[in-house]
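Letters A, B, C, D, E and F name the chains as they come in the text, with residue numbers starting at 1 for each one.
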Amino acid sequence: MVYLTRVEHFNAAHRLYNPSWSYEKNEAVFGKCANENWHGHNYELHVTIRGEVDEDTGFLFDAKKLSMLIEEHVLELLDHKNLNMDVPFLEGKMCSTENLAKGIWNQLEPHIPGHVALHCIKLYETPRIFVEYYGEQ
Amino acid sequence: MVYLTRVEHFNAAHRLYNPSWSYEKNEAVFGKCANENWHGHNYELHVTIRGEVDEDTGFLFDAKKLSMLIEEHVLELLDHKNLNMDVPFLEGKMCSTENLAKGIWNQLEPHIPGHVALHCIKLYETPRIFVEYYGEQ
Amino acid sequence: MVYLTRVEHFNAAHRLYNPSWSYEKNEAVFGKCANENWHGHNYELHVTIRGEVDEDTGFLFDAKKLSMLIEEHVLELLDHKNLNMDVPFLEGKMCSTENLAKGIWNQLEPHIPGHVALHCIKLYETPRIFVEYYGEQ
Amino acid sequence: MVYLTRVEHFNAAHRLYNPSWSYEKNEAVFGKCANENWHGHNYELHVTIRGEVDEDTGFLFDAKKLSMLIEEHVLELLDHKNLNMDVPFLEGKMCSTENLAKGIWNQLEPHIPGHVALHCIKLYETPRIFVEYYGEQ
Amino acid sequence: MVYLTRVEHFNAAHRLYNPSWSYEKNEAVFGKCANENWHGHNYELHVTIRGEVDEDTGFLFDAKKLSMLIEEHVLELLDHKNLNMDVPFLEGKMCSTENLAKGIWNQLEPHIPGHVALHCIKLYETPRIFVEYYGEQ
Amino acid sequence: MVYLTRVEHFNAAHRLYNPSWSYEKNEAVFGKCANENWHGHNYELHVTIRGEVDEDTGFLFDAKKLSMLIEEHVLELLDHKNLNMDVPFLEGKMCSTENLAKGIWNQLEPHIPGHVALHCIKLYETPRIFVEYYGEQ
């Protein structure tokens, strides 16, 4: 059993704003993160899968193919997007790093081939704040 | 003569879009950077000053005071903002990293004390793209 | 269940010296780390908490509040200090990174709100040496 | 129970090539990684051990001694080597990062002193691809 | 006048060996870098250009186009290659980082559009060793 | 003409304190950096030399020999030391990063071989504060 991680990046705009709250409550809770004109981040995404090593290739899974899966099912939906406006899987949810990490898991998990398992989505919002999600309910 | 650099960060949304061009031309030139719903970045800012070392303090300039000058005259205007909509000194200009670096120079330079000189504004848009401006016309 | 990590820094002096040993034995075991005039480090601290995401905010816990808790209960006691002389919670203990990580856990854990749990203290002494503590006895 | 990690580096050449396959199949599966004239990497190696802290030293294990163990039993065999040609413990195996991480575990584990346990071998092939191995069969 | 830098990566094998010297002299001068079975590196390449900002785009030069120029004229020739065997522009030269940086300058410079100038090739052989070349004879 | 940089590290304790001032003035100017019990840093040192490439070796200068020169003439004097108490070349000077960078230049410059020139000492006190000195009076 080994774990393989691929690191990717995307840039996006977002805003922390709960539409069921008043503007004032949003300001009080989210501060400048609630700015109605948005702000944004360079997100760094670590996708970790686990499983057995294939003897013929020495691979758990081809890192280039993993990158292509992430590109197709995650980055296409998020890179250079507005997380609040452009991303179907975040609709109706707060655009926090926590929810984004869980959403990325749900997007990617069905496309991971059966002989490996998705293990962790680690998402840096800034170099000093990051979230990890292991698919635990 | 020594050079002192202070590194700071800010997060902002922006969009590359020339309003005097058609939507199609903007798409052709700027691609997904033209997304009308914005995207954003964690900008990393390096401010370098130069001058003589003060014998009593051993300082060119107190790095904490330099940080406070950057906070007051630059980060206050840029952090968690929309560069196209919220930043007076970028009004009427393309919100590129090049123009942002030059704008930061112009904001900061008048507030640098006389015994030191502003030497360089270095601005990372992503970990793989950065701009340097030395005040050269 | 998600995990949220906040990265902080502090600078401190310390020395590895067991007062119940001879000077020679300290030299033999700790080498230049035993220097009687101290040396120091830029410590990088990763604090990880875990729990459920709040639906209204999208947060496990507000990263800014986590930063303030760390500032108040950890950094205030350690930043720009001498770990051997200035830090009550290390009194009578060797000032190793291992003991420092455990001490930081004990300082911070009582102040973590009940709906989340402290998960890990990760502490870099240098970019190439770090310790993790999960509260395991 | 604490975990201590030491980070080391080595540079090596390698090639992904299964000699029981045709040249064409190797090209199809491994692409430019199959280049018959080799390519190479700066590998970054994280070795993590776990155990109890010694009260007299404050150490789980002396990080300098851990570094010397890694130097002697791992880096001596890998640094500035050709992984396919020069490394006995990889003979007959594909020179993937997965197999390299497992091989490093097997080289190092017998030399870890009894009061601590080897916990994880983490190996970066590039800054964006890394493998972790915990000794799990 | 601004400076724009694009960071790229490539992996390659190489060996330091002067064929006009004896094996023993090569060993004495280059040590393990002379290993006849090669070793390799993850090279990090910074390409800096300078010039005036275009008012319509806000760009010195489109960073994506710069990346494509580097890909076509540099990375295609170097990535996953053996620097001693596969690279025409290094033929007859020692495969040092110094010569590699100069060779990259010579490859790239003719393809830089006339309104900007190539300013610097900065090349990391490891995170702790790098070379800069400004085209100075 | 090329430039070669070697990156090294050292750990040291220090304190910012001007003995010709009152305790109160020191507190006012240097704040917690004046702590009488010291604090410390992991300093990162970049030494850059410049000159012509030797045709036989492809080297400006052997990076390993440069590392040994830095080890002998700089790190031996600074690593795991108290900058205020243990370092002859800082005696009578404020232990600022500015003065430390200048002192390192003066220590190293006489030992750089004649066919190359010392170009720059770059010294990080923290990841966000660094000083550069080019030998300019």
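As a working rule, a residue touches a chain if its C-beta (ideal position, glycine included) is under 8 Å from a C-beta of that chain, and two chains touch if they have at least 3 such contacts.
It should be emphasised that the depicted structure is a prediction, and the values quoted were computed from it without experimental measurement.
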Can you give the shortest number of steps from chain B to chain D, where adjacent chains in the path must touch?
2
Go through the assembly and pull out the chains touching chain B as well as chain C.
A, F
Using C-alpha centres only, name the chain that sits farthest from chain C.
E
Quick one: which of E-F, B-F or D-E reuses the A-B interface, over half of the residue-numbered contact pairs in common?
D-E
Can we say the copies chain E and chain F touch using the same residue numbers, with more than half in common, or are the two sides different?
different
How many Å are there between the centre of chain D and the centre of chain F, using C-alpha atoms for each centre?
34
Distance from the CA centroid of chain C to that of chain F, rounded to the nearest Å?
28
Which integer distance in Å separates the CA centroid of chain C from that of chain E?
41
At least two other chains touched by the same residue of chain E: list those residues.
127
What is the complete set of touching chain pairs?
A-B, A-C, A-D, B-E, B-F, C-D, C-F, D-E, E-F
Provide the residue numbers of chain D that touch chain A in the complex, in ascending order.
16, 18, 20-21, 29-31, 93-99, 101-102, 127-134, 136-137
Can you tell me which positions in chain E touch chain D when the two form their complex?
9, 11-14, 32-33, 35, 37-42, 79-82, 85-86, 126-127
Residues of chain F touching chain E in the complex
1-8, 48, 53, 55-60, 62-64
